[in-house]
Structures are given as C-alpha cells and as structure tokens.
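Next come two complexes, and both contain chain A; in the first it sits with chain B, in the second with chain C.
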Partner chain A sequence: MDMRTYSTDEIHILEISGRFDANTVQPVATWLEQTTSTPGARVLINLTDTTFVDSTALATLVQALKRCQQMQGDLYLCGMRHPVHKIFELTRLDKSFNIFSDKDCALQAFVK
Partner chain B sequence: MTLRSPEFVCLDLPARYAYLHLVSESLADMLHLADGVADLETLIYNVQLATHEACTNIIKHAYRSFDQGRILVEMIVHFEERLLQIDLYDTGLPFDLESVPEPDLDQVHVHGYGLFLIRHLMDTVTYTAMPDRNHWRLSKTFCARRCQTI
Partner chain C sequence: MLVALLSSQYTRFAALAEAWLSLGATAFGIYQDGRPLVYWPASHRLMRPSLMAPILRGDEELGEIRVTGVKGEAFQQRLRADAALIAYLLQLEEELQLMTADLVISQDQQLALYRLTQSMRDLVTVEEILRAVLAEAIHMLKAQGGFAAFEPLAPDTPLLIQQPDGVLPHAFTWELYRQCSTSERLIICDEASSETAAMGVRSLLHVPIRIRGRVMASLGLVNRSGGFDAPGIKLACALADQAGIQVERTLLYQEMFQQTRMRAEMELARRVQLDLLPRTLPRIAGLEIYAESRPARQVGGDFYDFIVEVERPFIFAVGDVTGKGMSAALLMTMTRTAIHSKSQFMPFPTPESVMRQSNEDLYNDFTRVGVFATAFVGQYAVGSQRLVYANAGHAPVIYRPVGGEAVLLGAESTALGILPDAHFRNQSLRLAPGDVLVVATDGFSDMCGADDTTFGIERLLDLVNRLHHLAPETLAMVLFEEVDRFGQGREQDDDQTIVVIKGAAM
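And now, the complex of A and B:
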C-alpha cells in the first residue's frame, strides 16, 4: 500500500494505492486521527487506486467520519471501484458517507 | 482454458496480516481459470474479502497475542460443479460463531462488519471447534454469465 497526502484549497487529500487492510491501515489511521481532529477540517479520501478494503479499513474510515463530524468537519470519499462500492452498499455505509465518483466531483462538492 | 479436474491450492502461513495477500492472489488466479463466470471481478473480490476476514478473525481473536500461530488454507475450485470451497484451520482459541449477532445496519458501527461480510458474501459458512484445531469452511457457487452474482 502506498499513501499520498497533500492539500489544495484547504482540503486535506489522502490517496491510497493498493490494499487498504489490517496489514496497512496504521499510517492511514494516524494521518486521519491528526487531520480530522482539527475543527472544521475538510478531508477527501481518494480510493481510485485502492484495490481492496477490509473491515479494519472500514472501521478506520467510520472512526474518522465520526471524529470529523464531532469537530464540525467534512469527510468525503471518491473514486471507489465497483466491488468496493458494493461492500459499502451491503453494509449500508454508503448512507453514512458522502461518496463521489471522482476527485473533481468531490472537490466541487466541498465548494458548494 | 477449460479445466475438468478441480484446482487445489494449499498454503501453510504464519498467522500474520502480512501474508494474507497471498490468499487473495491465489483465489484470483484459481477463479481466472474458470470459463464464462458472471461478473468475475465482483466474485473474486467477494471471496477474497470473506476469506481475508476469516483469516483476520483467526489472527485477531483465536491467536490474540500469540505470534507463533499458523493458518492452514486449503482452496479448491470444482469447475464442473462451479463451486469454490475454502477450508481454514487454526490451533488458537475457539469461539461460537452462532453467538455473534448481526450488526444493526440502521446504525453506523466502528466494529462488527467482519463476520457479517463473511456470512453475506459466501453461500455457506461453517465453523467447527475440534479437539485439536478449529475449522472454518466457506463455500460459494458461481454462475454462468447469464445469471446474476450478488
């Protein structure tokens, strides 16, 4: 797994490549804990190149979402591959997260 | 390529997360040998995820802090019956699969999706605590292109 982080227009962006699972989750969890603890943080997680998401990764995303909401911030997901999106549908987590087809759509949503 | 005889792969792995990608890659390679499978990408992903979650459960709960545990993974694809069967064996602490409740999906949970995914992504899931080891069996039939995969 590789992770890339950068900011644009005060939006913190995380891009995850490869497997996002129990073996690779720790650096993502650490970055999300730091980033979403800031009041009003705007965070985008780009999963375009994420090939696998397990329940440990889901737990990390849910924790980050809850923390972000407590701090009056926003956390969006984008670029989910079809099988990954099906898992979000199965667990109904697609109702809790704002999920966008790609990064541009997500960035536009932050502006609105 | 059409194969008539079953394809069998066996992995004897240290019970560590770092090795679980080997199980995923084996499942993908095995299922790619089957002809005319409907929505092959989703089928592969779903059985990879269910098997990964069962292995994760073994590492996290059966072995807990014991770092010398092993997982024996036996995977077989029966092409004629269009059946994938995965057997997992560990020598860690047993648990009662039936006692674990389904998560309330109307609520957002941090934990509790692992067993839910195993149950819902496979056709049948059994867990047997035997005197000398524990045994998971996960089974999934796969359809021809004309039928629908979940």
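And now, the complex of A and C:
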C-alpha cells in the first residue's frame, strides 16, 4: 500500500493505492486522526488505485467519518473500483459515506 | 631529570668516576647550572676543573661533567663521549617515563571501559546506557560537558541527554546529529567559530554511534583542556562502539520482551475467543446445523452463538468485530453478550429488535474506541420452515434454495456501532428441506492467494452451488479445504468462522 497526501483549495486529499488492510492501515489512521481532528476539516479519500479493503480499513474510515462529523467537517470518498464498491455495498457502508465516481465530482461537491 | 637519573643509576656514575680517578684524575663530578649534583671524592668540589663537557639535549644544556688533574685532547674527547652517553641515557629515561605514563593512562582507560561494560549489564533502557556512557566519557576525557542523542525508529520519540543540562542548545545538538548521521563521520572542532564561541564552546568532539548497521545515535563532548588529541578521539570512538553494542543488546531484549508479551496476549485472546463459543451444536427439529471458527494467529473478533430456550424460537448469531488481538477478543465478548442477553431475556425477541437494542448498548463504546461489528441474527420457529433474520453489515451470507442458484444476501443495515439509530429490518427466507444457508465471515472471502488475489465471494457462491447436497459439516469442511488450498500454505490473516444451516425433514 502506498499513500499520497496533498491539499487543494483547503481540501485535504488522501490517495491510497494497493491493498488497504490491517497490515497497512496504520499510516492512514494516523493521517486521518490528525486531519479530521481540525474543526470544519474537508477531507477527500481517493480510492481509485485501491485494490482491496478489509474490515479494519473500513473501521478506520468509519472512525474518521464520525470524528469529522463531530467536528462539523466533511469526509468524502471517490473513485472506487468495483470490488471495493461491492464491499461497501455488502456492508451497507455505501449509505453512510458520500461516495463520488471520481475526484472532480467530489471536489465540486465540496464547493456546493 | 638529571637528578632522577643520578639517583636511579648512582652506582654506574660512581663506577665512571672511579674509572676517571684511576686514569689520573683527582676529582670527577656532575654539575647543573653551576651547582654540584654529585662528585668524587667527597672532599673535592671541583671548583677549578681542568676539563669540562656539557650534557646536551639538542641545544639545551642539561648539565656538565667536570674533572680535575688531567689535561689534553684525548681526555677532553673521552669526557665529551661520556657526556654524550649520559645525554642519551637521559633521553631514554625520559622516553621510558612517557611510555610508562601512557601505559598507566591506557590501563586506567581499559579498566574504566571494563567497569562501564560490567555496569551496563544491569541497565535496561537506552536512556540509562547513554547516560552512563556519556558520564564516563566526560570523566575519562576530562571534558567540561557533553551530550548523547538517540533517534529510534518511529513512532518512538527521539532522546537527547545533556550533562550538565543545557550544555548546548537542543537545536544545535540535533543539527550536529543530522550532520553526523548523514556523513557517518566524527566531527572535531578545536577552534571556536563565532557561532560556537557564543555558546561557550572552545573545542568539540562528536562521534557517531552505529546501531544495527547505521547511525542511530551520537556522543558529543565539549571543551577539553588542550583540545581533543588522537588518543582522546580513539577513546571516544571506543566508548561510542561500546555504547552501540549495548544499545543493540537492549533493543533486542526489548523486542523479545515485546514479542513474548504479544504472544501471551494472543494466546489469551485465542482462549477467550474459543471458550466463549458454544461447546455443542444445537438439535433443532427441521434443521441440520454445523458451526466452526478457526482463529488466525493474530486473533480477530469472530464469534457465533446459539440461543436455545424452551418454548421459544431458536436464535443464532454470527458476528465479526473489527480489529485484532486482545482488544478484538474483548469487544467480541461485549457484542456476543449484548446479542445473547437480548435474545435470551427480551419477552418477544426478533432479529430486528435484538439488533436495535444491541446497537444502542454498544454504539457509544464502539464509537469511543473506533470499531464496529458486523452481525447476522437469525430466528427459526420449529415447524415454520422460515428463517427470520436481520443482517447488520455482515458478509458473506449465501442462500441456496432447493432447485435454485446460490445468492448473496446483502445487509439491510450498517454494522453495529456505526449509526446511533440504524434501520434494522426483519427479513425472511424459506428454510424447507434442502434449502441451505451459509453465514461465514470475511476470513473466507478475504483469504489471500497467489499474486495477492483474494478468494472472493464468487468462488464461495460457486462452491455452495456445487456442494449444496452435502451435509452441513461436510460442506463446511470442503469450504475450509478449498480456502486453505487457495491460500497455498499462507498464514491465515483473519479468523474464519462459518455456520451452515440446512432445512431438513422433521
């Protein structure tokens, strides 16, 4: 798993490539904890190159979403491949997260 | 020096005097700065010597030999030769004394190093070791102060020790460390720059400490009288090497300790997990049931449970708490207890109400620790041939009706602990003779094979289609075997739990 972080228009963007699971979750969890603890933080997680997520990874995303919402922020997901989206569907997490087809759509949603 | 030589070699000088006296001299003496140091015979002070020869070290006159009663060039030449011999003896004596002094210092240092090595055996932290080495280095090199820096692997915090406190600004010491770790060379500074002079530094020696093949620490010494010479640098390097070995030993010990503790924790987690699972399979009229859970080495939070109460519908649950290890085992216990107690003690439990109440119990705690639990709860009234169920984010759940194709049953709500008021709904399916329900955990579908591919849900669906005619236990065994085969001997990453329920004749 590789992660890349950057900011654009005060939106913190995290790109995760490869397997996002219990063995690789720690740096993502650390970054999300720092980023989503700021009041009103706007965070976008781009999963375009993510090949797999397990339940530990999902828990990390859920925890970040809850923290972000408590701090009046927004956390969006985008660019899921079919197998990853299937996991979100099966666990009904697609109903909890705002999921966009790609990064541009998600960035536009932040503007609205 | 001349006096010391005369004292230690008195009999040889006396023999030399005797030789001169036997040649016809009336007196023989050694003088320094015009004053007699020794003379023969004792009554003659050689105030008017007939011959004199200086004892020279280079251009410096260390003393002179005087004789009386003889004259001539031959005697003068002999006297000069004796003076040169005494000068050479003096030089040898001086070198011997220096070598002896060096040897004593070297022995002292070896002894100090030995004492340091011995004392460090009792030290169990890196900080204690660096503190001891720094104190000894300051003492042995007679420096005014010093520091030791250690940069462990993340997430541990870097360590800086100063003796005395504040001997140098922290930022400056870390800058020195960066230079040292990049170049892997020592830094010597015997002349103060304007920057170091402002900090009161006249001389500085900074030595890298190699740990596990790379620079992870350093030792700095400040202000040694006369600067840092070659033996001092050599000694500091020896101390740094010693510190590196001891720190490596300590890190290894700490890692072994940590691993042992983790193994003990995992074993406890495994025992907690297995002890809480039902010890026997329930016998329910109209159903054939098999269940099994195989914990991974790094135990997860899987469980299954059966609630069989007289004159109440049979309830079963399968769940998976996110996370690994002891924390997952504890949270699994909480989840299982919540579902079990609701199923057992609610007046008219249904899967929906059991899930809703359990979620209310668990939501706050789960949110605080950042986990959730997927769960499937099923309820079967004997003779009904129908299963009522609620699925809180759990997958994979596969249903294969008689004469139909295996389908994946999606969840109708999110997992426990995600939303404070999740919309759980009772669903129902037929469970007549031949209908098969397989409730597994993601340890099956997520099992990793070659090239990091996962076993996936499609393979499970295909297997259930092909194996639906088997008894639940056999079907479960084949699924375990297939997943193991797919893993090609890889270690199981997550728990694998399965409950197979098949409709049967009453």
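The rule we apply is simple: the second predicted complex is superposed on the first by the 112 of 112 C-alpha atoms of A that agree within 3 Å, B and C clash if a C-alpha of one lies under 4 Å from a C-alpha of the other, contacts with A are read in each partner's own complex, and residues count from 1 in each chain.
Basically, contacts are C-beta pairs under 8 Å (C-beta built on N, C-alpha and C of every residue); 3 or more make two chains touch, one makes a residue touch a chain.
Note that this is a predicted model, so its numbers are computed, not measured.
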Which of chain B and chain C A:E89 touches, first, second, both or neither: second
Touched partner set for A:D104, first chain B, second chain C, both or neither: neither
Chain B versus chain C as contact partner of A:L58, first or second or both or neither: both
Touched partner set for A:D2, first chain B, second chain C, both or neither: neither
Footprint overlap on chain A, comparing chain B with chain C: 19, 21-23, 52, 54-56, 58-59, 62-63, 66, 83, 86-87, 90-93, 96
Partner chain A, residues of chain B touching it in the complex: 17-18, 20-21, 24, 41-42, 45-46, 48-49, 52-53, 56, 59-60, 103, 105-106, 108-111, 113-114, 116-117, 120-121
Residues on chain C engaged by chain A in the complex (per definition of touch): 320, 322-324, 367, 370-372, 374, 393-396, 408, 410-415, 418-419, 442, 446, 452, 454, 456-457, 493-494
Of all residues in chain A, those that touch chain C in their complex: 19, 21-23, 51-52, 54-56, 58-60, 62-63, 66, 83, 86-87, 89-93, 95-96
Parts of chain A lying in touch with chain B, wherever the complex brings them together: 19, 21-23, 52, 54-56, 58-59, 62-63, 65-66, 82-84, 86-87, 90-93, 96
